[in-house]
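Each of the two complexes below includes chain A, the first together with chain B, the second together with chain C.
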Partner chain A sequence: MALSSIEIFNLSFLPRSGFKGGGTLSAMQARGLTFENQPNRAFRQDDGTLCLVLAATEVFLLGSLGGNNTRLEELETTWHIEDAKGSYLMPRCHTHAWFALEGDRVPEMLAKLCAVDFRPSVFGDLSIAQTSVARLNSIVLRADLEKRRIYHLLADSTCSSYMLACLKDAAEEFGGRVKDAERLLS
Partner chain B sequence: MTVENFRLEAKGWGFLLDRNKPLKFTFDGETYNGFDGDVIASALMASGRHVLSRSFKYHRPRGVLTMAGHDANSMVQVGAEPNVRGDRHGIAAGMQVISVNRIGKLDRDWLAVLGLFSRFLPVGFYYKTFFRPRGAWRFFERPIRALAGLGSLDPRAHHGYFDKQYLFCDVLVVGGGPAGLHAAIASASTGADTLLIDEWPVLGGSLLYGRISGSRAAAESKRSELVSQVERCPNLRILNNTTVSGLFADNWASALKENRLFKIRAKQTVLASGGYDQLLVFSKNDLPGIMFADAAQRLMRLYGVKPGSKAVIVTSNRFGYDVALDLLEAGVEVAAIVDMGNANEAGASKMEALGIRVIFNSTVVKAKGKARVEAVAVGPMLDRDKRGRAEWVGCDLVVMSVGYSPAINLACHTGAKVYYDPEIAMHRATDLPRGIAVTGSVGGIWSDASIGASSSDVGKSAAQMALGTNSTPVAPAQDDSARTITHHWPITESSAGEEFVDFDEDLRTCDIDDTVQAGYDDIQLVKRYSTAGLGPSQGRHANINTIRLVARATGRSVEEIGTTTFRPPLVPEKFGQLAGRGFEPTRLTAMHERHVELDASFTPVGLWLRPAYYGPKQRGNAAITAEVTAVRNGVGIIDVSTLGGLEIRGPDAAAFLDRVYTFNFLKQPVGRSRYALLTDESGVIIDDGVACRLHEQHFYVTATTGAVDQVYRLLGFWNQHWRMDVDIANVTAAYAGMNVAGPDSRAVLEKLESDIDFSAGAFPYLAVRIGRIAGISVKILRVGFVGELGYEIHCLSGFGAKLWDRLIDTGKHFGITPFGVEAQRVLRLEKGHIIIGQDTDGLTNPAEANMVWALSKTKPSYLGKRSVDMQIAKGVKRKLVGFTLADAASPCPKESHLAIQDGNIIGRVTSVVRSPTLSKVIGLAYLPTELALPSTRFSIRVDGGRMVEAEVVPTPFYDPENKRQEM
Partner chain C sequence: MKIMHCPLNGPRNIQEFVWMGDVKKVPDQANCSDAEWTDYLFIEDNTAGEVDEWWLHSPSNYLFVARRNRLTDEILWTKKPSDYFTDDAP
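And now, the complex of A and B:
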């Protein structure tokens, strides 16, 4: 669905988690997540969770936009260091702010902040770029909602005000504005 | 003011104008009229003003030359912005334009008198004058600086908003003329994502004002057809009003549009950037009213301005005849067409049929006039340097079309070679780097008939290579008509000696000859000595004639002379464009809003903003003192979230830390913290923190605010090398931290609901506990950086503000006081604790900093151990010592003030404060080891050069028995 202006959503209130360590991929697969050992790719889970494979040693989990986050909770509460098997819980809710961007001109807007080519023809659905956005280490993910092209941006939570200001500034010429997250979740 | 109107009102003139939008602006304080779409130069000329500027050296009057922003003649100042090219800068309502480089009025510039002294100001005179006799420069400097430069900077000018943007494409086509349009259409039609960049507001290039086979209608039709095709191409993007300023390795191009710098990544680049008009050199060829044919056509077609009333056209190609038709159509009398050859029979016949006089095999040899050309002398060309008897032809407009220089600059930025082709009397680019192609006139194609097919081939080939369907570039096309464009010697000299080669620097033919005579016979040296090509037009119209003159002066061919180097940027780039928007990330702690509410004065610490103290700046010292006192006597709370946090997890966690940090960690009990000092391979202290063992396989290690990223990288580096079973994570952002310190801190915590026993026995100094406070999961470190009973509480950052609120609420009963970084600095110094990076430098080893107690004597290794052992064995030359001032009334030194003995620098102060607790000045300083003994006196040179006496004392200054922090 074409959206001529850019909409920015702050999804930082939604659950997210992560695991890191040499045994992470096998441990996560053993715990029921389905993905391939393909860094910089995201994989949709049947409950709406997105599993971002950042490296052969790390996954970042984004909770379902629909609100079903039982799996994330279970993964976190049942984790204990004694049986970690090289897979260590990361408090991603607290390390990273989470923004989503929607609109046909988001790639142009991101090109004002980042050197990565985010054109849809190049940066396909479920692609990940671990890069610098507005001079801040960031993870950019494209995860479409049916026909809506959505770019997710994860960045240092302590810089969330700064990042939001940068996004608003970059989006201004495209008629961009911050919207209530409900609009994306609906 | 009342002015003449030189507007062309009929249809077909003023393509860029919106005549329904009249605008007023001022030039040197006088009001002028124009239309939306006008540029400064066109609006001024429409009002009859032909002198736009004064030349740089001799202050000669100058007018329109290119109408393309390629020359310095139309440079003006617009508001606070100098160096504006008036022939490309659009007018706006109320805009204030000022002419530059003059004293007095533009039309009566007092500095024009310099022209009378030109014989005393030969080329390179400034290399030989002004410095003798010794000291003379100070007399010359002020007037020279006053005369130098074009325009002036206004330091009060408002900041502009500039930014940058990346662009990505398969094929980048530079130039929106016929060649570029054909190439872009072919590229896009082949399936490549194509980006077409053109420096003009509308596409078409020469089709906007020129003719095809003498027909304006044909050019308009062709333009409409091409633009229509371009607009229909789905994968073709167009950037108008944009100039590609540089082309770099791997097809990285920079482009400028208003206040934005584009950084373009293309797989293939096609350059269809056209060519630059070349000067006809003759006496007084710089008079206003003498301009290039393209400029006259642009004035008429784009801006609807009649460039003159009576014209002489001097030409060596078909374009001169085209412009004659345009001038006639515009109602300008054409007094004569001076053809430097006789090859344009068709054009000449047409002119003669219209009653226009054509003078063959002749050239303009001189002009006369003061503020504008009044007549030119036309004489036959007997041979290269010799002219026959000249006749004067009255005119107020001279139009030159004697050749071009292909715009190969961008190709050369990436390494293309340049050679002079005597067959066409123009340079060509060769050995093009992979991914670069040229087409149109920049590729030697001048024929209207050839441009379409050849450019389409180039565009298609570029697209195929970008898409990977073909890897062979198309062979360069040939065009015999290129031989008829540029005259090989468009130079005529006379005894008057005012034949200008480079308008920017007022360089005449004799100046180039003098340069060679002075021994600078290499073209690169000629450029630097004479400054030919160094001005704002960067040699666009001067290079080739300079080369010709050097060839003549040295007896070599033009090919042998070679050329100067084309370097980026092609057009001036503003500092604002290069700087861009400026991204400066700022990190805020989870409690930031609380600090704002408490009226904190913030200080940047790395990327973080931390409260320096609470209260307004003018009461800073009092606030700091009050905060220190509160911690010493009651309880304070400080936000320490900026402290770096690293999770070290895995079966080898203790072994890994043991290899890295200087202390022992293998046997560290769970629930205990330990000081962690980090040195690099050369034994230099690089960081410190506290390692908390939370589990057999889990350490939480703090690092200093500014160094945590460096420590994280270093630990990751060694983990990759050692391949131990451990994972390292930087969780700084994940945790909020607050240190509750002071004798009442335990009481505050005990008042909160918690599952942790805070009693001294259950929770001793250096212990670590995990539990809950006020329902929030926390880990608590009993550490004593400020020298009092204290609890450093860490919780997930999402709960930081809530926990802070509970601590403040509960602490109210005890008078809890938030304290900032400045109070913490005082408190820690009173306790004698050092800050890595402030009390250490890039060479400090543990022995110098009295940190040998933090080095394990039993373990075989840690990072830097070998170096540290060697330093200790060798002995150190300086030591960090505590000091106080002998006279309490002495002024307080500052950090980095020097320690002096017998007039020699022997050390420096690293930390110093006037302690509110001890009521005296205390500090740390590096001194030679032999002086680092208690009671030793030394001097410190403070502000104003005054010396104060200091005395070495033992540290800590406060509570040396550690009773307060271990209570």
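And now, the complex of A and C:
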């Protein structure tokens, strides 16, 4: 569905997690996640979870939009440092705010905040950019929902109000506004 | 805008990077003198010319090696540490 205006969603209430360490990729694959060792690429899981491979030593997991997130919870609760898999839990709910952006002109809007080219022809579905957005270290992910082109933005949660203000300011000239997350989850 | 090529993330604005000092050979910690250890930790040669340096891509916390000409500020190349220590280690 083409959207002429930009919609901003705050998804910070949804579960997210991560693991880091030299043994992370093999440990996660052994625990049932499906992905390749391809940094800056995301992989959809069968339950709707998104597995973001940030490096050969790190994954960031985004919970399913409106789906069942028991798997994510299970990955966290069954992790024990004593297992010594060289993989360490990074509880991302406590570190990263999560926003989503929808609309045909999102790449133009993001160009006001970031130097990376997010045009759809360049930045394909499931691409990741670890970069600076509005001068904040951020992770930008494109993960389409069927034909809806969605850009996810993850940034330091202690700066979430600042980031939201920057997004609203940048989106204003494109008719952008914050919308209820239910609109994205529906 | 000055661009640096991160071996993990590709070309990025230079403002995303942090200089982390010269690449130096680590002295034998068990047997070196205090002066040698202090020199390793705190003293830079400040060479005017081409130098291998540690750089950090801050958004991804990725550390890599770059060769830079300090007279012209030209970045000659960047490498993953694994490639660097195979090819060029001091």
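Here are some notes:
The rule is short, and it goes like this: the second predicted complex is superposed on the first by the 185 of 186 C-alpha atoms of A that agree within 3 Å, B and C clash if a C-alpha of one lies under 4 Å from a C-alpha of the other, contacts with A are read in each partner's own complex, and residues count from 1 in each chain.
Definition applied: a contact is a pair of C-beta atoms (placed from the backbone, for glycine too) under 8 Å apart; a residue touches a chain by one contact, two chains touch by 3 or more.
These figures come from a predicted structure and were not determined experimentally.
Once the two complexes are laid over each other on the shared chain, residue contacts for A:K112 go to chain B alone; chain C is not touched. Applying the stated contact rule after C-alpha superposition, one finds that A:C93 touches chain B and leaves chain C untouched. Counted by residues of chain A touched, the larger count belongs to B, out of chain B and chain C. When the shared chain is aligned, no partner comes close enough to touch A:A42: not chain B, not chain C. Judged by the touch definition given at the top, the superposed model places A:A129 against chain C, while chain B stays out of reach.
Shared-chain residue A:L54: touches chain C; no touch with chain B. When the two complexes are overlaid on their common chain A, residue A:L153 makes contact with neither chain B nor chain C.
Once chain A of one complex is fitted onto chain A of the other, the partner contacts of A:I81 are limited to chain B, with no touch recorded for chain C.
Contact with chain C, but none with chain B, is seen for A:I139 once the two complexes are overlaid on the shared chain. The intersection of chain A residues touching chain B with those touching chain C, taken from the two complexes, comprises 115.
Residues 1, 8-9, 12-13, 15-16, 57-60, 62 of chain C touch chain A in their complex.
By the touch criterion stated above, chain A contacts chain C in their complex at residues 39-40, 54-55, 115-116, 129-132, 137-139. Note for the complex: chain B touches chain A at residues 163-168, 193, 263, 265, 581, 583-590, 607-608, 641, 647, 649-650, 695, 697-698, 725, 727, 729, 731-735, 796-798.
Across the complex, chain B is touched by residues 20-22, 57, 81-82, 84, 86, 88, 90-91, 93-96, 108, 111-115, 117, 119, 121-122, 134-136, 156-159, 161-162, 166, 169 of chain A.
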